[in-house]
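The two complexes that follow have subunit A in common; it is paired with subunit B in the first and with subunit C in the second.
Our next item is the complex of A and B:
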């Protein structure tokens, strides 16, 4: 009797272990804890049922992910495959830059993050149904970064069609960019490849490699699997020859036949690749053909990755504060024009922009990352060069539905009317002033050669100055980037204008509008106050100042000594 | 003890069952949000002798709508050669409605698929042809590109694996793997040329037809019997909730007309 009981207990236990193992293979079973974490930290965006319809969702673009469709952008897996648990854990830990998805590294323990991974997987049946673990992209044969590799990659960028969406130099301004929508029907933009820090899934070489091989599910960004590559299945020589033939206006009969053979060869290779993918039977020869073709694909992919990498700086530029504060450079004689080479000789001050969310209407989904500024001045004038990326050139052909105002790209540069005396003196309110007024330069894409001077005492309280000063303006828009050049006298007659002097730190702030993103009025991106200074003239004065200061300090010291001595004697 | 074991096992089985049913329900309710085709649980191919035929016409109710011309915003030298129209409603003479799927909802036995049928969607001139394609489950679909421009083939499946893959400019043929489950119709797009749009229905049996310019459809070799006849149209919706019942006699012909209006 006893033995039987024990045996039965064993069987029971065994079954339970087996069943739990079956589940464990795919996923750690979702626990109460996972649900709790989810409902406390994620549901207000992603919705209690994971449909991406939480209470905060409506204002956000991209929308919080709807987990029920199993579409995940950032995967280490091949196209069409679900992400691995590690992929989900990593994205929850890191968050998704360029969207409202926060990183949870500090707010949630690693254990809680694993629990919530298991929980969000329950929203999509596919995670359970898949018997096999998802296929991961192999990172074989990495080719180190080199000029040569970048050159090759650049050709591939055009050949494979990255350029269609990401644009000539990668600023996300390709000819297909304005019409893209995501899988839920919302407008979406191609990544600006010159701003790696805005990528959802990181911008290490391997990240970029995985993103285009696997595609970005839920977005228009396609996968570039083996047979997506031009001339898949041809050797490098054959490939060259075919391109040569294809570029001919007319082919002879012999050439027709020759190219026909190339196409047949490619079709056969594509067929083999698909058969292998489907898990079908292929011969050893076929496998050889496939491996040869894939070797070329992998090489090309690394070259392309190196090219994409070459488009962006190593990291996000440091904001223009502290050591990076914007310094206007002194030049003797005429100030450099918009296209002068002199602008390339030093680093720009970088002013990161954020959506204006204080006053209605707000901008929760900014598209302009920041503005880069350089400046030169001479004895009478100052010139600024403002540079910022915007994927579209919008000049007010369309109007905003609620305000009826034209939607157009614009930039405003903000200064206080009076420079505060000292670093702790109050500055005007950063949202275009208040009790203390601000002085503004307002530039609009529809009048590209003109900057309007404004005085403002609040974001909705700006007036065009009656006396418009002598501002010289030039601007260009090319490949997803605006360049605006403004020149003004250091001193003006107008009391409402800012007066500039070397060595003084002048508060400066920016507002930018992207018309195609619905920016109008208070709906815009902005910075709070930064500062810039006309770097005191070096050279001659550099040699004059120190001796003067030395003499003065020595004098002061003597004076002080005399003073102290006198007091001492008086005391006695 | 035995009873305990039995009880636990039963409980386990019940739980599993409930779980699985739950999952299927979840999938169903997802699908139900869109206008979908309805498929039989199972289908068994067999030889059909002396089958009947269902044919007829689909008409559009109301005034013939003006076809909206689409703006060709890029690759104009290739894509702009022919004018592009929004093909979501194509009405011909006599109010004939093109691109309507007419099909048998509840057939469980009948002929096999035509194994020689070419399953292709051409992208020539930056336009998908046909606009509605029927694809048997498990069968490859080949995307054609003779445009010498880049296209990306984006198939918005929900039940099957979605596809979004670049078809570079000289990839004349790009076969896609057969899908596992009946689904659809699902939308097909090329994001590079935003105006390109088509539909694919992944089907488990061959009794599906798409109406031509004259609004005509035919379903041949239907085994004698009573069937529910359904339709689907991208802008006019489905009759899945209240399908028409037809009775097919051996060797006979049944005709059926549908009149559809915009949703």
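Our next item is the complex of A and C:
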């Protein structure tokens, strides 16, 4: 082939790649089709005019995005910038975990999704006025995950004040957590960093990093930028030194001077950052100073990202649905107490909770993700450990406006009074029974050492049992997490109680209330029926029968051979 | 190449059929087949093989030859020794795994679409017989498209204020609460749902919810609310119009050729 032909092919190929890239990154002009798809698939939440006020909006928290203000949470672009078309396309395609925004990959063709991107952009004038492409966050200088980086991130987590909203260990339980609102005045909760699967923009390392640099627009989560970042303009060592100095009760003269110098350096850097942000003229030296300072911001963000990654499991725990059963494990002797190490040794059953939307008043916006349950039993008793995250410790100091009842955190464990016999036997209605009654353990945060036994024949038809005090209870609340320990005898005298026996499958279900989320009575989170069993001690037969069968089979084989041989000789 | 013995051919047919049923039919072509059905097919195949080999005496002898040889022939001594170890070991492991298996709760047989009652009611008021009741707003589709559109739009509102958290934005039964409910919410995009039932059936299922199901539908498990407590008759009919308009599936009708 001639060189000219190769060059020509090369150019042709290059053009093709460029064209396809351009197609991938830019939405088409807004069209009738985009409007049509938007109105059929998006408007019921985001509103016909894009104001986030569709018919479903009232029942949703987080609220559907109001497109008219151009504030987009999940972007690959720097703070103050609009998202790229690709950002919008990705969110439509993948949805936003932890919210009611589903992914539209299967429901809408890629073409339709691009049309919707173009149409959404018409709601905010900024997209048209802004001719320059938005500035994207650079992912260069990524610091790989290591224990040391996690350690550095952990220090920064405290230094930068993340604790105030996200709490000591990241469960979103910081002191200011209950006070937060978004740019529209709706309540918003800081992310529970131990539950990465609820992150709206995903929980890959790069996703988390982008939220630091770009911020989450419209929410209280700030972007890490020049004029707001702690000790902007100082190196990591200088910053540490300054914090150390400021923590002293009294500074010597030399130290005063040292900190003064730090402040001068910071002020200069912040001035430059502000000038750049406002589009003013800056010298080459200033740009160098700014870039150096930003480099440290990026570095710290990577460390912080690694720390946040260290707080969460790699994926959401599998829901115990279907054949997954809560199995109580047999132990000999005393059952472990609340703080015993024995609880750590086996994996909990995870029961995801959903809002109770069957009976009014309903809870469309649950704040409790799920409850982890473990259980041990011995010859006479059974003990349970229930663990769930709740950002606030609410004990009934405030009351519900409509019912006048105290708003408090609570958990209820539900069993049938009588175990259904056989697979087709009716169970009680999963929401606190009906024609068939249920037996309940009701724990409330205001009386943390007490569980009330109830019998219920409906969600609004529960009676406190006359015989109480059969349950031993311990509970703790720390760093956004409840731990509740309950112990009961397997058999009780009370006819209204469930009687437990190893090897029997008992239906079990849960309800939970987060007082600070307005949960009271029927407004709660709940689960469907699951199964619970006291797992029988494995039968010793498993060591007897298999060897017998094996030996018999050897005998059989030899017998067969002998039989065939004898017949052979007879034949001959 | 050596000619395969009859025994090997039969073995290959048996294993091949099982792989075909379990993985090809039950994976590539369609959804997994229940074990009991596979066992039935395999039983038929075994019978067919037995018939085939026992038609003639010589055929049967030919079939038994490899077994015979393995048992007594001196040239097969190694085969024999390997098998006398492997077969008991396999049985040992198999019986152990069966005895040591953890028990699972009995599966609850559930009829997803149990038969409706003969009469359709709203609250306690009788609307008519299940077979005859039609959606009173359906005729607008031909008579007054504007009015029809208004009903569909009202149904859209009702759906998104009440249903979509479980049945999903796409009406595919995958709302954000759906994955954690048992039984799963209905998927209206499934071609087996809307076209198979009359609108009166949907009215019944919506109005009476989970608790209104007969025992075969395990009414105690379903999280479907009793919507007649919250929605008007018109709202229920409208939401049914929306379901069929959005998915493009027409509910089943009687009285016309079909």
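Just so it is clear, the second predicted complex is superposed on the first by the 468 of 572 C-alpha atoms of A that agree within 3 Å, B and C clash if a C-alpha of one lies under 4 Å from a C-alpha of the other, contacts with A are read in each partner's own complex, and residues count from 1 in each chain.
Assume a contact is a pair of C-beta atoms (placed from the backbone, for glycine too) under 8 Å apart; a residue touches a chain by one contact, two chains touch by 3 or more.
The structure presented is a predicted model; accordingly, all values stated were derived computationally and were not measured.
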First, second, both or neither for A:263, with subunit B first and subunit C second: first
Contacts of A:153 with subunit B and subunit C, given as first, second, both or neither: neither
Subunit B versus subunit C as contact partner of A:531, first or second or both or neither: second
Contacts of A:437 with subunit B and subunit C, given as first, second, both or neither: neither
Touching partner for A:64 - first (subunit B), second (subunit C), both, neither: neither
Which of subunit B and subunit C A:34 touches, first, second, both or neither: neither
Which superposed partner A:52 touches (first subunit B, second subunit C, both, neither): neither
Contacts of A:215 with subunit B and subunit C, given as first, second, both or neither: first
Subunit B versus subunit C as contact partner of A:231, first or second or both or neither: first
Greater subunit A contact set [subunit C / subunit B]: C
Interface residues, subunit C side, partner subunit A - complex: 68, 71-72, 80, 83-84, 87-89, 91-93, 95-96, 99-100, 102-109, 156-157, 159-161, 164-166, 168-170, 172, 174-177, 179-182, 209-211, 215, 218-221, 223-225, 229-230, 246
Complex contacts: residues of subunit B adjacent to subunit A: 1-2, 4-5, 8-9, 12, 23, 26-27, 30, 73-74, 140, 148, 150, 152-154, 156, 158, 161-178, 191-194
Subunit C contact footprint on subunit A (complex, rising order): 40-41, 44-45, 54-56, 58-59, 99-100, 102, 104, 106-107, 319, 321-323, 325, 327, 352-355, 357-360, 364, 422-424, 426-431, 434, 436, 503, 505, 527-529, 531, 533, 535-536, 538-539, 541-542, 545-547, 549-551, 553-554, 557-558, 560-561, 564-565, 568
In the complex, subunit A residues that touch subunit B: 4-5, 8, 11-12, 15, 19, 68-69, 71, 79-81, 125, 128-129, 159-161, 164-165, 175-176, 178-180, 183, 215, 217, 220-225, 227-232, 242, 246, 263, 266-267, 270-271, 274, 277-278
